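Both complexes shown next keep chain A, but they swap its partner, so chain B is in the first and chain C is in the second.
The block that comes next holds the complex of A and B.
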């Protein structure tokens, strides 16, 4: 937990509110993306903000090769109140979330203090509750609702266990320390 | 007419109308051509490669979800390739098939109409149905994506 990770300053952009984005990541539609601050995006991350609004909380860590993409439904809109039309749903990621490498995320909402493992496939319109853990190599089919304080895993993902009450505090400390120890090479 | 967000060599690759090709897609045609039909959706991070001298023909109304890899196969209409499936060279795929998440298909396999493949390589056949609803949904999606892409 206390390991210092040093990065090459030429490989990362850093903004005034403390967001560190790798130069090799592809981010599109930055007008609709709201990031609260202090997030880290490693290389080969694809983030699509041109389809719908993306609002991201603080202390998010996104590892390599993750795709974050908003999902869509069929629903009624102002322009067509009688006929169902394709609508892109906004993607909301709360504070203190960690997303491990090579995952594909098309969820609609991810709660606070969750951690998502490696090679996960989170399909359209999923809702992930707070303080939950999604294990490595799990596949969540479309429209799953993961309740708060739960551990999900497997193919297809099922409820495995309940997380202890200390997961929120441990996750917050872990990500605050990760951000503090992510330091440029001097 | 079509929305192409990543860089493609337009001499060897021909794309039909209404196609949506997202970011980070690599369509590599070293010797032979690649011809893609109308209203296909190729999502982020896909890799489509043609190593042979012959043409590679991909039909209309197909969906390639995030992270697929397709090599040297001729593909028909109305197929769905879900996330991260890998199809090796020499296969032929006919119409209305569906390949599940993370399926791996070895080389030189043939899939006839209406077959379903689930992880890792279980194959089923489904009774025939009318694919017009699939075609309508995909044309709607393509039109919505092209509208969003051309707004700026």
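The block that comes next holds the complex of A and C.
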């Protein structure tokens, strides 16, 4: 029995595909944002779709005060072939991901069935594999690759342990139940 | 290995393994030949392959048996243990740099315009640094071996004299002489070999607390060599009693991904329990009613039944007794698998809470699965934790 969370209908937008976004969140560049459905964005979430493409899977839960920003590199472009210029890379978040409060994410890819803890800082160009867990208060330095089925934590984050084979099942159930129990006040 | 019991919120349903440990339902495995549900500690691991956690290169066990259990192309920062990445100077010299503490190999002098020669320089630096120690150790090792061999010869000669005496004096049988085996010496030699040349990180999280680190890179001087990255391993699981495979891996061709060819989770062969409503029965609040829901998440039909635990185990673990455990067998057919409708069965357990401090109760379950060829049976104990009073 998971706890039922009731919210004010006046504080959230709800789309036809089941996306629930708080009115206090800041979302820019909606043309470049592609969300599959059944996602929840709590208040004070910042989503920067104006910098690069953002593609999000289903059953994503983003808690309070999270910033989601695409990552960047230095490179040459057609417009400036001699000088290095900042290029923003697309952000890809797969299905069944949970991002806890007050964390900053600039990764390039987040795999399925992952959970990211509170107060985390995931720097640019990080790749997080599937079925992995990132513990609270951890900092992932730039260009880190988190392999699948692993637990990372610390400052800087290092490999701590392996996750069991059933993490995908546990994470899917947890997020499906969370979405079902996130219900408007009657 | 990580355990989800630490993160999970109350109310919890845990399964008690025969070894006395408790795990979530999803974390238990199922051995069909032993007809029992087992935890990770009752299984043994068999290494399938080694892989690098940053570049993903896979080494099969036969190749890795030459004791090169580190990646040839990836290195770790000696200060903060973050994976190093390539750096190019303005003078087009390649080297390694840490993106967290800014350690560089330039300070040591390990840079080169040809990137592959950077690896050679690091390997040569290791050999030069540890070569003298390694030689000293080898000499000592050889000396100890020669001494022990001499001791063995002396003992054999003494044994022969003793045997001759016994034959002449008709003494009783001589006791077996204790040999001094070289296995301990070989173990120490192997460990030192590996320490001298490589570093490995094997963390066991069984009853240990991992302290998360916080580095201040300014204080530590960068004079150390980068450490070759240790490889991680992917494993198959076997039951310890019958040695049959529970989880086996299968690598996909031309990719670094793995899939499971055989997976026997407890989840796939047993009913899944969930706690429903919890409410007081009396105004005096001496009895609780807990609704327990049973789901069938397998592909086959199940028959299952409940039994009470012994009074000794109830007293040992301070568990509450369930007044009204249902006695008949439940059957669960999977008629509506296609429709996505989750059917469940339930029963209402009534507990007496008069002098209790914790709300914790348990019962036994035995399940029969109606598979097409066989009928498999599982027996296991379920513990339910709801909270504290």
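Methods note: the second predicted complex is superposed on the first by the 174 of 186 C-alpha atoms of A that agree within 3 Å, B and C clash if a C-alpha of one lies under 4 Å from a C-alpha of the other, contacts with A are read in each partner's own complex, and residues count from 1 in each chain.
By our rule, a contact is a pair of C-beta atoms (placed from the backbone, for glycine too) under 8 Å apart; a residue touches a chain by one contact, two chains touch by 3 or more.
Note that the structure is a prediction, hence the values are computed from the model and not measured.
**Student:** Clash or fit: how do chain B and chain C relate after the overlay on chain A?
**Tutor:** Result for chain B and chain C: fit.
**Student:** Contact-wise, after the overlay, does A:73 reach chain B, chain C, both or neither (first, second, both, neither)?
**Tutor:** neither
**Student:** For A:22, is the partner it touches chain B (first), chain C (second), both, or none of the two (neither)?
**Tutor:** neither
**Student:** So in the superposed three-chain picture, is A:104 touching just chain B, just chain C, both, or none of them (first/second/both/neither)?
**Tutor:** It touches chain B, and chain C stays clear.
**Student:** Under the stated touch criterion, which partner chain does A:36 make contact with: chain B (first), chain C (second), both, or neither?
**Tutor:** Neither partner.
**Student:** Tell me which partner A:55 touches in the superposition: chain B (first), chain C (second), both or neither.
**Tutor:** Neither chain B nor chain C is touched by A:55.
**Student:** Please name the chain, chain B or chain C, that touches the greater number of residues in chain A.
**Tutor:** The partner with more contacted residues on chain A is C.
**Student:** Based on the superposed arrangement, let me know which partner A:166 touches: chain B (first), chain C (second), both, or neither?
**Tutor:** second
**Student:** Which holds for A:142: it touches chain B only (first), chain C only (second), both, or neither?
**Tutor:** second
**Student:** Considering only the touch criterion stated at the top, classify A:121 as touching first (chain B), second (chain C), both, or neither.
**Tutor:** Once the two structures are laid over each other on A, A:121 reaches chain B alone.
**Student:** Once superposed, minimum distance in angstrom between C-alpha atoms of chain B and those of chain C?
**Tutor:** Between chain B and chain C, the minimum C-alpha distance equals 5 Å.
**Student:** Which parts of chain A are touched by chain B and by chain C alike?
**Tutor:** 139, 155
**Student:** Spell out the part of chain B that touches chain A in their complex, as residue ranges.
**Tutor:** 5, 22-24, 43-45, 66-67, 83-84, 101-102, 119, 140-141, 144-145, 148-149
**Student:** Show me the residue ranges of chain C that touch chain A in the complex, using the header's touch definition.
**Tutor:** Residues 1-4, 9, 11, 24, 26-27, 40, 51, 53-56, 80-83, 85, 98-101, 201, 203, 205, 210, 212-215, 232, 247, 260, 263, 265, 267, 274-278 of chain C touch chain A in their complex.
**Student:** Provide the residue numbers of chain A that touch chain B in the complex, in ascending order.
**Tutor:** 26, 28, 46, 48, 50-51, 67, 69, 72, 85-86, 88, 104, 121, 139, 155
**Student:** Which of the residues in chain A end up touching chain C in this complex?
**Tutor:** 1-3, 123, 133, 135, 137-139, 141-145, 147, 150-151, 153-156, 158-167, 169-170, 173
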